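What follows is one structure encoded as structure tokens, with my remarks underneath.
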Amino acid sequence: MSNTLNLPENRFFDPTPTHRQMAMELYQEIAALPLVCPHGHVDPRLFAEEDATFGTPAELLLIPDHYIFRMLYSQGIPLESLGVPRVDGGEVETDHRKIWQLFAEHFYLFRGTPTGIWLAHELHDVFDVREKLTGETAQAIYDQIEAQLARPEFRPRALFERFNIEVLCTTDAATDSLADHQAIRNSGWKGNIRPTFRPDAVVNLDTPNWKDNIDALSAAAGIDIDSYPRYIQALEQRRAFFKQMGAVSTDHAAVSAYTAELSTGESEMIFQRALRGETTVDDARRFTAHMIMESARMSIDDGLVMQFHAGSVRDYNTLIDQRFGANKGADIPERGEFTHNLRPLLNKYGNDTRLTLIVFTLDESTYARELAPLAGHFPAMRLGPAWWFHDSLNGMTRYRDQVMETAGLYNTVGFNDDTRAFPSIPARHDLARRVDANWVAGLVARGIVDREDASEMVNDCAYRLAKRAYNLGE
Amino acid sequence: MSNTLNLPENRFFDPTPTHRQMAMELYQEIAALPLVCPHGHVDPRLFAEEDATFGTPAELLLIPDHYIFRMLYSQGIPLESLGVPRVDGGEVETDHRKIWQLFAEHFYLFRGTPTGIWLAHELHDVFDVREKLTGETAQAIYDQIEAQLARPEFRPRALFERFNIEVLCTTDAATDSLADHQAIRNSGWKGNIRPTFRPDAVVNLDTPNWKDNIDALSAAAGIDIDSYPRYIQALEQRRAFFKQMGAVSTDHAAVSAYTAELSTGESEMIFQRALRGETTVDDARRFTAHMIMESARMSIDDGLVMQFHAGSVRDYNTLIDQRFGANKGADIPERGEFTHNLRPLLNKYGNDTRLTLIVFTLDESTYARELAPLAGHFPAMRLGPAWWFHDSLNGMTRYRDQVMETAGLYNTVGFNDDTRAFPSIPARHDLARRVDANWVAGLVARGIVDREDASEMVNDCAYRLAKRAYNLGE
Amino acid sequence: MSNTLNLPENRFFDPTPTHRQMAMELYQEIAALPLVCPHGHVDPRLFAEEDATFGTPAELLLIPDHYIFRMLYSQGIPLESLGVPRVDGGEVETDHRKIWQLFAEHFYLFRGTPTGIWLAHELHDVFDVREKLTGETAQAIYDQIEAQLARPEFRPRALFERFNIEVLCTTDAATDSLADHQAIRNSGWKGNIRPTFRPDAVVNLDTPNWKDNIDALSAAAGIDIDSYPRYIQALEQRRAFFKQMGAVSTDHAAVSAYTAELSTGESEMIFQRALRGETTVDDARRFTAHMIMESARMSIDDGLVMQFHAGSVRDYNTLIDQRFGANKGADIPERGEFTHNLRPLLNKYGNDTRLTLIVFTLDESTYARELAPLAGHFPAMRLGPAWWFHDSLNGMTRYRDQVMETAGLYNTVGFNDDTRAFPSIPARHDLARRVDANWVAGLVARGIVDREDASEMVNDCAYRLAKRAYNLGE
């Protein structure tokens, strides 16, 4: 019984020799390109101070990663035993070696999953681990990671440089002071880290504590938000500030992709009801639909690229939400609809070449049916990469197969790592580059595109499309 | 023109040599494992008497198999000419050789279908047929099967042993006396055959003759069911009896996966209306939704695994239903929804590790979008295998590709043959084992899992997951 | 940097050697079969006069082809600059060399798309082009095509013969005089060109100018349509005329697949409201649903095969519709539903073997879930091939993989090229034949069907199924 952790050089490529060889050849063209990371959830604080560290191996790799603990939870392992903090401050496991041991004993659950693939890559390439993670090897591997993390080469800024990250965009609340971003700039460190404007908490009226968020927005913008026009003015002011701090895009989430414009009177009426704490379900639904359109209008004005993520029912499991809070691996996708929902937005702004609207979905049945036809027609629309549960080997392959024939490669925007776990960034890009190299190699092997076009396509997938779509330079 | 019936040893494996070789290697590890059959529709009467027989070849293989006659009917062949009995006792073909001839002449319709694959396997492996079934060979093959069926080695119990079935669960109405199961036990024969509790006919208020079923339930439980509490008591009593007779699970079917809890008052009111024959469409819908939840509560109490099949519009073709009755190949799937429909159930019972809820779907668009994320989070939830129309080579492959990356292998429950035709059991398991071996081999060939993990995975798929999920021993 | 346009002989086949070799072998059996074209949009006028020509290369290949200009438009290229005529007669580019240049410079957008594949095939096989289309080669290629088009061998009738088209069905409004078809017949030319009866513009009450269309129908039928019975009579009369002119089928489009029968009173009431210009949204919806059923009834009477295309939201982009008119690449699919929508129709007529109802969808999630189970049961129902956005390499492959196991090959109807661009016909059939050969070769390579059955199946796919389904001779 072998315990060697081995990452085959030609992993994830089709086993047919001609296909595999072409995939390897194309992959080698792009493997070492810098990483462009236009969308993710890395905490900018990691880079604000030169001496920031990552904590213990469990703090770095497990406790904050809902991709990992959701799977353990699904097999009956309580989140408390994994050290996930409780909202009420109740007791949870604090022995990180014990947490790591429990995880290692169940690492077999991740066989064939992207989480398993990313983690193996991180252990191997970032931490030089050469044994498979199991109950037996758990403590030795913990020792090894712990020792590495103590070295200066494993501080966030050092890894940022080692990972060859050309640009990293974080995701920041509309009310954020961007103090960490400011600190990074002030420090003189050269890492290109940019904020992204995410206004969900002040736009979606059904956000818990929405009124507090509006107060924070008032404070941040220096505008007393007592009316809809002032609210819009505050948002525009914040966008301008984010842009000045380097932001290239905004990010918007909604359960449904519904868009619809309200009259000025209606906007004001709904907004006033919300200020008084009298929001109805229908108010929230209509106001979000309106604000998506309004955000597109602002993007046309200020040039920020607009990202729109629809389809996730957040914090679905009430027990987990109450005990551990939001974002604990219990977000569940629902059926999506874009054709009718986006029509008001696309009819009003979709023909405007000043707008770049990047749409993401969790419902793959909309790829070929709705999204590819829309992106293959409207100049303002682009398709975001395979998202979240579909950011995986099969998920990315299905995306390519279902989207490309109708939308073409050039109405897509390259790869987003969308990561929370900073050290997983190279693993995620490497997987995407391998999948893309393999996909294009398949087109060559079947005589669909020639070798010359294939080179262009893999370079576009790995690097150029993301830079172009997010205005990060040609 | 060759008429040889030939089953290649490496059939269904990917033709790429490295992939195929690995698939063969993995298949050989599991090909001879005993068959675990936790869900199916074999008539227990076949095993109640030592001397039971299967009838003619047409009675064994065609007349009761809606997979077969639906395809013939779709091409304009009247069910009467295939010997399918009419509700009104009207004339149908009784010459089983003529029926067989008609079938053989149209056997080309099954090219590339799972029915075609299973039947070829049965003919070859069970009945030693070595010629392709065509109009020319029809009668000779009939002779051969008829001769085999006359031998004692072809009685049901003998085939059960020859097939190496470790355990076979049947599906039985809540009102069933389980007399056949009792007879099997009394006979001293060692075959492990267990009932499954299926209460649809007393739970779904829109079942034709629901009130008669309630009367039968009263009689079976020895409880006069005149109120909702007594109804619940009768169901619990029957479950206890089934459990005592060896049942390990219950089975529930509904068109929609809708779940919702009624108050005690509402339950009683709807139940009383039903007793008076005044059920409304909405009553039936809400009562089923409530009883799905109530059944989960009972499972937590008595430990029976709960199976839930949603999405089939039964007996869609009125003409066929009126002329030939239910289950005649005219059940048509409808669009499914699980995220919102299961939320009440999962929020109430989904975090309880005493419950095992196995969910099946006919809408593949819910695999990656809804079911895999749900099963990858809730401890109580597992995913049933690719069901019915999707219990096929491509169907099982799509299931693996769309489910595994998010739910992992260990939130699935292995294979269910779901068979009506007893002699097709080995063919169905063999197909599933080949598909699984080929799927895991693909993971090895692409460097996603290593050889050691691959062994574990194929053994889990073929044998261990089913035993574990259905509490049939480790 | 190579500019050679090269079409590999074994293109589109799986690169695994055994699979590819079998695909090549099967393809060679069918590559030269005559083309059967039962559904498309070629203008019959092209064949009405012996000396008809195609115009400039841009007029032939770009300006009328929304598959091409939608992609260019999606990347910000105004339709005016592509010479697409404006409704208001406003200025658009008239220099066809300039249009061609712009197209050539953006031809990379079509990498990996069916449009790219078809166009490469046309350039290579029809016009003998041997260089890739780029900005540099644009004018030389224009010269070459222009020169070819000037030759008598490139007139429509000559190409029809060179393409080996056995039969070509056009699509014609219910009110069409079929004068071009008459002219073809009168000319003595032997090309087998047939009309298809498409009544959408007189059936869908929300058609712009519906009343004008009814007036045209009155005139064409010689019946004063002032009541619903006379309307039905006029339609029946027109169908009889089309049939006499060679039509074998009718074609019906609707956004939804909803079917439902109205009472005679309701039909008359809705029809009278429509005559008065007082149609409601609900009227239109219900009348279409009713007329789909009524058309099936007529098909049973007159034997015309009924085609039903559902799921496209036409002219979705209002700006484009107002500026350039209908059919400008802005038709977007919506989610489909067939199980409940077709039930009234199938319950009334689906068991009648005199009816052939061919159903097309743009929602692939309905293939395995709804359409294959329906076609695998009802004698009257067949599935049309992968349609529109799915008439592509991946689209056709997904269709086969998702439909065949449940419906079987023999409930499908072969290939429809559905073309607008006449010279793309051979390219489209060749792609379909290659995909089918490759699909069947995969079944052989995996031991699912034998070599003998494979021959039958590819010949069915390429030629026989279409002839049989459309009553074009065995």
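Here the chain labels run A, B and C in written order, and each chain numbers its own residues starting at 1.
We take it that contacts are C-beta pairs under 8 Å (C-beta built on N, C-alpha and C of every residue); 3 or more make two chains touch, one makes a residue touch a chain.
Computed from a prediction, not measured in an experiment: that's the story for all the values here.
Visitor: What are the chains that chain A and chain B both touch?
Guide: Common contact partners of chain A and chain B, which must touch each of the two, are C.
Visitor: Given a C-alpha superposition of chain A onto chain C, how large is the rotation in degrees, taken in steps of 5?
Guide: Rotation angle, to the nearest 5: 120 degrees.
Visitor: Same residues or different residues where chain B meets chain C? The copies count as same if more than half of the interface numbers are shared.
Guide: Because under half of the interface numbers appear in both copies, chain C and chain B meet with different residues.
Visitor: Could you put a whole-Å number on the gap between the CA centroids of chain B and chain C?
Guide: 40
Visitor: Multi-chain contacts only, two chains or more: what residues does chain C have there?
Guide: Touching at least two other chains: 16, 365.
Visitor: Would you tell me which residues of chain A are touching chain C in their complex?
Guide: 16, 18-19, 337, 339-340, 343, 346-347, 350-351, 353, 365, 368-370, 372-379, 381, 401-402, 404-411, 442-443, 445-450, 452-453, 456-457
Visitor: Can you check the complex and tell me which residues of chain C touch chain A?
Guide: Residues of chain C touching chain A: 1-2, 6-8, 10-16, 70-71, 73-76, 108-114, 117, 132, 313, 316-320, 329-335, 362-365, 389-390, 392-395, 398.
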